[in-house]
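Each of the next two complexes has chain A plus one other chain: chain B in the first, chain C in the second.
Right after this comes the complex of A and B.
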């Protein structure tokens, strides 16, 4: 028997990096090429697989807050961030500026939610022809190492490592 | 011999029976089906109650579709007819009429009446904006002769159905307690609704930059109202249909207060573990008990 623990999780990042797409892939296993920008916030529920923490079996119920993207790292909608136990910070590997912006967002997020779990996703790995992909991957790694939090390269389009990103966030959450 | 022959004839008749069954069984079944159908149809047509029962869902569906297609038109069309009929009925007995109205005409008509009544209420309310519901009723009853007493009685006797109650942690929007009148409501939806409610509150306080001060108290959507009571660590949100009794907000606050007092420490240290709050739902349930089958009385 495992106890169910509800957790609020935020998806943060610049507009158009693929926050909504990652949730759609993770929760409903679907993807669309159309871009429909998120207005305000949309909440999705997902019961995570049970996991072991401090020798106890627990099961998280994620309430995933898909929050409208920022522009140039400018924090908007921070009212929606409160009470979150963790955040998946999403960047677009084909847009290096989204990684710089992510650094700002993380700073601010941890200021509001001290001790929260952070995982950084480098999304759109499927754009293999893109020349920026490699260097972006490296700066992403650097950012994550600085903050000593995991980074994961994902593609909402192919589904690659999308589940891993959310699972790894579950492992990062504070008790 | 007699015995034997008797036996024989029994045998023959049963053999005949068998043969008949073999030859005619299909037709026989067919015939029986037709007979049953005709009988039950006849019953439905002759038995008034039965007929009503048969038509009721159809009418409700029809109205439902009509109202869906052109809601305001429908309300407009129905309102005068209904209020005429209601006025007459109401002179008889209010109780009877509420009873009579529901099963027969179906819930959609009740909605239409409610909408008409709400319009009326709104109109009057606009004139006496500040007046509290009950004071306003007395005021209207004693002073405003232009409004039919019957209409006031009806507005007063219109339904109140408590649908759902949510206890939501303020900061995270996570659901702590939940009770519903309707067992078929999925709890998953409650989790999301809990979050959305906090998000809406957040949105409103952002949009009007009233952070800290302005507490969003009421959201109305079609014929549903969401009433939110805010305390230090939680929101207690009630979803209901119709017009709330004048002491409802008070009762909601009081209940909230009780929960807050009892679970104060656990609410303060809340980390998302709702199993620590098993005691909450029975307390919430008391409000459902209290307002089950509630009918406004008209003093």
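Right after this comes the complex of A and C.
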């Protein structure tokens, strides 16, 4: 028998990196090519599969906060970030500047939520074959290595590794 | 009258949903507006606030701080909710101490949909433009590259690298139409010391003869009838960079002489001017024409030819590039995936065979067009034969393996005939003839010598 625990999870990143698309793919298994900007925050629930933590079976109910991105990636509003157990930091592999901005973002987020779990997603791998994606992937890995947190390459469009990103975050969360 | 009802009455004067929380953060009171938004509320018996407002999950610490007076309020702007499918509402959530002992926290929920919708509209337009700009940027940031790993391409890449290191040398690029002469010129430019300088490309065949001189050399105001203002020419604009003159074979003879003088003296004058200007650029010329034949015909100056062919690069035709054709086709598939927002992952084996056996008279340009057309119309995950439309005249018949005649043949005779035919097809150009027979120029010359064909 597992216990269900509500966890606030933030999706953070610059505008247009695909935060909403990742949630849509993960929760509803759907995708749209049309870009619709997020204003403020939209919360979506998802019951995660049970997992074993410290010899106990637990089940997280993710309250996924899809927080509007900004040009510098920092919607610093305390109201959005406070009380989060973890964050999926989303970057766009076709925009190297979104990876650079992620470091700043993580710093601010952890300042407000010490001990929170972090996973960095390099989204839009569907833009296959572009030489830029290779170098962006390397930058992303470097950033994740520096912060000792997992990184994962995703595509909300094809669904590639989207579930893995959220599962990976579930494993990183404090109990 | 107790304080609590006064609170209630004041709160009811503002258009907001409100709830009071007890010390365990259970909802103990709420107003009609709040109930309208959460109709299930009456059925729940003093629910914990997080069960009704998931926005408050994880906020125990700020709640405690407000109850103890350490924090004045907590604010969450623009919470997007969808009470009915397709109906979006935006709420601002204010959490603040109530001052009431048993109901210490008050949450106000205010509908701000109208303002949010307007703000979102503005944001949507701004971000869309930025994303489109980024998409364009991504394409231009992608390094200019000459795709392929076949022997001819490898040799060409090595030569490009060597040539780019010598900044001042004039380069002549020869090759059939559509083989990528412009791309080679760009690569030489980008790899050279002046790579940050301008790269100007000019097709000499695309401009009427009467305008050509002014385009290249520029003019002073009044130099000719329509010269209403002074204008710099390409030779001047290319300062510190590279001028790429495509189809140089189309320049008229009189202008060829002027171009030669400029190359010799590294100086030129604008039309109508007496002031000499220093020519500070690298010239790269290209043509699909056989300049040597043109020299024989008297339509191209021999001295200019020798001046511009300090280094000559040959662009191999696509049909000679073997499996590079697949690599180039894959590159175009990627490019058009971006352009057309598609997810085509490649081509099936039949398509590969079609591309490999086509003779590609239009070279890479033709291949690009074939892939572009296929990418526009395909609905498949990979390109299938039905997606590919090749022009009939380009279909290359793959020769059957050569078989020895029953009565045998003279190998020496056959070799000589092959050498003759290759030379004839390449109009005497030994390098091209050697490539046609898939051998080095030295080997070709050795065999010519063997057959006393070397002139």
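Everything below uses one rule, namely that the second predicted complex is superposed on the first by the 168 of 175 C-alpha atoms of A that agree within 3 Å, B and C clash if a C-alpha of one lies under 4 Å from a C-alpha of the other, contacts with A are read in each partner's own complex, and residues count from 1 in each chain.
By definition in this document, a residue touches a chain if its C-beta (ideal position, glycine included) is under 8 Å from a C-beta of that chain, and two chains touch if they have at least 3 such contacts.
Just so it is clear, the structure is predicted and the values come from calculations on it, not from any experiment.
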Simultaneous placement of chain C and chain B on chain A, clash or fit: clash
Partner chain(s) touched by A:3 [first = chain B, second = chain C, both, neither]: first
Touching partner for A:84 - first (chain B), second (chain C), both, neither: both
Chain B versus chain C as contact partner of A:175, first or second or both or neither: first
Contacts of A:101 with chain B and chain C, given as first, second, both or neither: neither
Touching partner for A:116 - first (chain B), second (chain C), both, neither: neither
Residues of chain A touched, compared between chain B and chain C (which is higher): C
Partner chain in contact with A:153 - chain B first, chain C second, else both or neither: neither
Clash with chain B, by chain C stretch, listed 43-51, 187-195, 241-249 or 385-393: 43-51
Touching both chain B and chain C, residues of chain A: 6-8, 40-41, 43, 45, 63, 77, 79-80, 82-85
Chain B contact footprint on chain A (complex, rising order): 3-8, 40-41, 43-45, 61, 63, 65, 77, 79-80, 82-85, 175
Chain C contact footprint on chain A (complex, rising order): 6-8, 15-16, 33, 35-43, 45, 63, 68, 71, 77-80, 82-85, 94-95, 126-132, 157-158
Touch list for chain C against partner chain A, complex: 50, 54-55, 57-62, 74-81, 90, 93, 116, 119-120, 123-124, 127-128, 130-131, 134-135, 138, 141-143, 145, 330-331, 333-334, 337-338, 341, 343, 345
Residue numbers on chain B that touch chain A, as the complex places them: 169-175, 188, 191-192, 195-196, 199, 202-203, 205-206, 271-275
